[in-house]
Amino acid sequence: MELILQNLISPVTLAFALGMIARWVRSDLEIPSAVYQGLSIYLLFAIGLKGGVSLSVTPVRELIAPAALTLVLGVLTPLSAFFFLRSLGKLGRTDAAATAAHYGSVSVVTFIAAIEAVKISGMASNGYLPALLAVLEVPGIIVGLLLARESKGAGMKAAIHDVITGKSIFLMVGGLVIGALCGPEKIAGVAPFFIAPFKGVLCIFLLELGMVAAGRIQDLKAAGFRLILLGCFLPLFHGSIATVCAVAVGMNPGGAAVFGAMVGSASYIAAPAAVRLALPKASPGIYLTLSLGVTFPFNLALGIPLFLYLAKNAPKFLS
Amino acid sequence: MELILQNLISPVTLAFALGMIARWVRSDLEIPSAVYQGLSIYLLFAIGLKGGVSLSVTPVRELIAPAALTLVLGVLTPLSAFFFLRSLGKLGRTDAAATAAHYGSVSVVTFIAAIEAVKISGMASNGYLPALLAVLEVPGIIVGLLLARESKGAGMKAAIHDVITGKSIFLMVGGLVIGALCGPEKIAGVAPFFIAPFKGVLCIFLLELGMVAAGRIQDLKAAGFRLILLGCFLPLFHGSIATVCAVAVGMNPGGAAVFGAMVGSASYIAAPAAVRLALPKASPGIYLTLSLGVTFPFNLALGIPLFLYLAKNAPKFLS
Amino acid sequence: MELILQNLISPVTLAFALGMIARWVRSDLEIPSAVYQGLSIYLLFAIGLKGGVSLSVTPVRELIAPAALTLVLGVLTPLSAFFFLRSLGKLGRTDAAATAAHYGSVSVVTFIAAIEAVKISGMASNGYLPALLAVLEVPGIIVGLLLARESKGAGMKAAIHDVITGKSIFLMVGGLVIGALCGPEKIAGVAPFFIAPFKGVLCIFLLELGMVAAGRIQDLKAAGFRLILLGCFLPLFHGSIATVCAVAVGMNPGGAAVFGAMVGSASYIAAPAAVRLALPKASPGIYLTLSLGVTFPFNLALGIPLFLYLAKNAPKFLS
Amino acid sequence: MKKKLSLVTIVTEGILKEQFSELLQENGASGFTITRAEGQGSRGVRARDWEGPNLRFEAIVSSAAADQILAAVEKKYFESYSVIAWVSNVEVVRGEKFVGEENV
Amino acid sequence: MKKKLSLVTIVTEGILKEQFSELLQENGASGFTITRAEGQGSRGVRARDWEGPNLRFEAIVSSAAADQILAAVEKKYFESYSVIAWVSNVEVVRGEKFVGEENV
Amino acid sequence: MKKKLSLVTIVTEGILKEQFSELLQENGASGFTITRAEGQGSRGVRARDWEGPNLRFEAIVSSAAADQILAAVEKKYFESYSVIAWVSNVEVVRGEKFVGEENV
């Protein structure tokens, strides 16, 4: 409970809430679209850089198990999401596949919120997590698109090209490579821009995200009760499994919790763009509402503290 | 004199002058409107945050007198401005009321310039001033609109809703609440974005404001000599009274000077938007020219040093 | 060799490369034009400020020789460029003059990259260099326009007015004056915005520049082999002469290398705008391709390390 | 099948975004497109305040709705605000999208 | 000499920028102009994702090309994407610039 | 009362903002609206320099003024700059605002 409150009362989370309120009181607040795009570019590139730097100081051997686990879960979570969305959620093939692509990929902001929560809780984390984030971003989307079995051959190839060269992935991977090549000393020169103000920039970004999410929440009714439940169950299910596995492959408890939040999260930056292009018949009213309107706030409020709790106590169960 | 020069030769004031020069030499310099809006969002939210943090560490008892004084002056200054604009300024009811709304509200940038001047002068200030700023922003506008007696009933209610949910007030109050909830430790994480670069961002903002003000100054002739005089008299009059009252209720001399500058200033962000919507027949050529073209530069150059001088010496007179 | 690699593996250079790759893999990455303009305003104003501050602490006597040298080279380099572009490059008068204007002026980003390279190499530099940058920016453009002999009288006067009040020069000179008036202490207040994050902002700017340059490189074939060679020869020729002269007038080796890079560089911010207005018949396919597609990357990769090497060893030859 | 309809274009102050969005929808527009614009007119260049630049609304509507929109704009806004509006004839495919089922 | 041509305007989702640029060029447009737009339509206000706002394409083309473009848009995009398109008559100078030499 | 007038649209390089603003006013436009645009044309995609993107000017003018504007654009700019321009027929209310008192 204490953990939950600690997590909720932070500038980042409150900025998200402020954005939602802005919509509800019908404020004329608006983040100009150019500014929003500028912020996105900044955040993705910065997170890549950070991950790259930490990669450059992590021995490869230490990385193998976590990276393998990430890949495996990146393939399994969209399958599991697809299964539940079809069976319990009663979605059609295309909508289920589109939504599964979102749950297979990852929400960068949830990841960052988890990192912060771990910092506040004082638990030890793992420096290479941003690299895993980049690894986790892509496969889920591709599996999701394959599940739709709609676009084949050239269409599928084009879709995969679009996902990989899409600006979100491109910037994050680009930042990762630059960070890894430069290492900590050379990145120090750009740290006052890319590292120190990062969390502040995130506040403004979340202000906008809150506004968008508030619009989405109005669509919840249309989505139906079953889907809302799934939007809470899927992150719990995927995230808990991921947390426990992470502890099992030797990650620090803090790192395992972040890993759980990552795997449990649903993308709302990279995946929607890819899905809109490749599966135009899938309804954004379903996949965006679930990922941004249900799963994201759920993780912020409940998911992250839970994964923290689990990570702290998993070692006992495991041994 | 020394004080005046000290005040004028600062990056912030000179950026304003540079903006004016840009217009006069017909440079093609332009701040893209998306950037300008981004900067405004940043500045208002940041100032709110700062105020909120200082609120969170100020005992309530210390706040009561200054807050009450702020409210009283927030109601009286538009009335006094209305009186002078009608009698000496010979303005019609609507124009006088519209302009009074501006003088009743407050200019955030004047406030910040005053804070800086106090810092340079080495006098002690009060941490809770940004909170007073938020308190002072709204009532003056509402009194001004009421003075116009134009829009009644539903119209007035809509106007007040627009003022309060208008993005300026919304962001500042939102920041205030977040700052107060989070307190200094949690805000420290976003300080490298919201606190440290603040003054630099303000420079770019003032560059733009200088360009707009230069355009306004060309309208001075149309405004007439009487109004220009009033644009200098009103800040002096309101500001001096406010400074003395602030000293009387026990604010530090530096804080009292800032308070004087606040009360003496005229809004050109929140008020114009509200007035344009609620009193469309009032002429922006009058209210914007006075607040941005006369009172703002007057306060920067003369008002602030004067209030500083007054605040330093008021204790003697009072005792 | 070591120097070259050291120079190439930096966040700034790699961001430029990432931008080029973005175009080649046909990523949908785009920097919104408002953001790009905002970044340009920031960078030019910041570099001016920095130069102004260093001016304010440099004795005038120390400045005379370097400033005179800068002026002389600012007039000579466009003449020399014009000569080579006409004779070896076989360009028509207008195209040669337009291109000469670019080589006479200076690339701000090359300048900054050189400053960084010197910092990494540990050599001593000179604080007043940003002031020389401002001096070097203008004359080359004017000489270039005069060489075209196209626009005379009023046309020429208007063109010179446009160059001087053009936003690039205006912002840089404006920043310079403000920096010089305020001096180091007052600028300290805005340093967390204008100084510390500078290199990081530059990364994003170079990302965009890389994308533009990649487009330009596709035009290389059209430009022809002779011109490409000239795009490598001119910076070498101008830069080496400038480096040696700088050592001769007593600049530090690091400063001399930066000076060489400056003089050797070709403008792609101020000059293209002026040339487009004053010499509309000159082909951007030639001048932009040479300055941004050939000379800029050439200087980043080979020019700067070479001037560093030369500056280190020139004293021996000279004595 | 192509269908002849009217394109109403309105340029007005940024601050009126909400109001014009409602005005269009109340007077029969099934949707509209907004672009940011800057302008110069008989009132001189306006100070750009935080409300941002002008907005340029476009709506494809039936010719009756176009008249109705123009009349509403004229009545409520012409006197006190910076507004200009014009109508032109256009052809669309899928005309039923724009005029409601009843009057296609 | 003024020449009568068609102006095709298309408003669509930002994500389709590349695809519509190609579609226009493949169907006879010698060029096009894009402005960023925001909009409201029958599908309700869309969440703004990173793909940015709507785009508004304009292309001056021959009347045959206009028909061809509309047909292509209708066939490929109307069903699954947010797209609207209209055509109007305009007059240009230098008409040969827009329609290719063969059919001026 | 509705009045028939001409709508002149010009798309040109951002650097010419000042010049086209003057050109329009000198040739009888009582005002104009500018939107930022991006474009592709016969000269290929232009490098975006700091001058920003293309600008799209719109002016409601009398049909005589429209001809005059097109002629001026053709004479001064077509050869050396990226410019395209077209005219269409529109109807406005309050026509006197756009054409000066003398010729309403």
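Every chain is named by a letter (A, B, C, D, E and F) in the order it is written, and numbering of its residues begins at 1.
Please note the rule applied: a contact is a pair of C-beta atoms (placed from the backbone, for glycine too) under 8 Å apart; a residue touches a chain by one contact, two chains touch by 3 or more.
Everything numeric here is computed off the predicted structure, so don't read it as measured data.
Engineer: Of the chain pairs A-B and A-E, which one is connected by the greater count of C-beta contacts?
Structural biologist: Result of the comparison of A-B and A-E: A-B.
Engineer: Farthest from subunit D in C-alpha centre terms, which chain would that be?
Structural biologist: C
Engineer: Just give me the whole-number Å value for how far the CA centre of subunit A lies from that of subunit F.
Structural biologist: Inter-chain centre distance comes to 47 Å.
Engineer: Mind checking the centre-to-centre distance between subunit D and subunit E? Centres are C-alpha means, answer in whole Å.
Structural biologist: For subunit D versus subunit E, the centre distance works out to 20 Å.
Engineer: Just curious, how far off is subunit D from subunit B if you go by their C-alpha centres, in Å?
Structural biologist: 36
Engineer: In whole angstrom, how far does the Cα centroid of subunit A sit from the Cα centroid of subunit D?
Structural biologist: Comparing mean C-alpha positions, subunit D is 40 Å from subunit A.
Engineer: Mark out which residues of subunit F touch at least two other chains, giving numbers and ranges.
Structural biologist: Within subunit F, the residues that touch at least two other chains are 35-36, 38, 52, 88-89.
Engineer: Which residue numbers or ranges of subunit C touch two or more of the other chains?
Structural biologist: Where subunit C meets two or more other chains at a single residue, that happens at 28, 32-35, 37-38, 167, 192, 197.
Engineer: Along subunit F, where are the residues that touch subunit C in the complex?
Structural biologist: For this pair, the touching residues of subunit F are 13, 15-16, 36, 38, 45-53, 79-81.
Engineer: If you look only at subunit D, which of its residues touch subunit E in the complex?
Structural biologist: So the residues of subunit D in touch with subunit E come to 2, 5, 7, 21, 25, 30-36, 60, 88-94, 97.
Engineer: Quick check: in the complex, which residue numbers of subunit A touch subunit C?
Structural biologist: Residues of subunit A touching subunit C: 32-35, 37-38, 41-42, 45, 49, 162, 165-167, 170-171, 174, 177-178, 181-182, 186-187, 189-194, 197.
Engineer: Help me check something: in the complex, which residues belonging to subunit D touch subunit F?
Structural biologist: Residue list for subunit D touching subunit F: 9, 11, 35-42, 54, 56, 70, 73-74, 78, 84-89.
Engineer: In their shared complex, at which residues does subunit C touch subunit A?
Structural biologist: Touch residues, subunit C against subunit A: 9-12, 14-15, 18, 21-22, 25-35, 38, 116, 192, 196-201, 203-204, 207.
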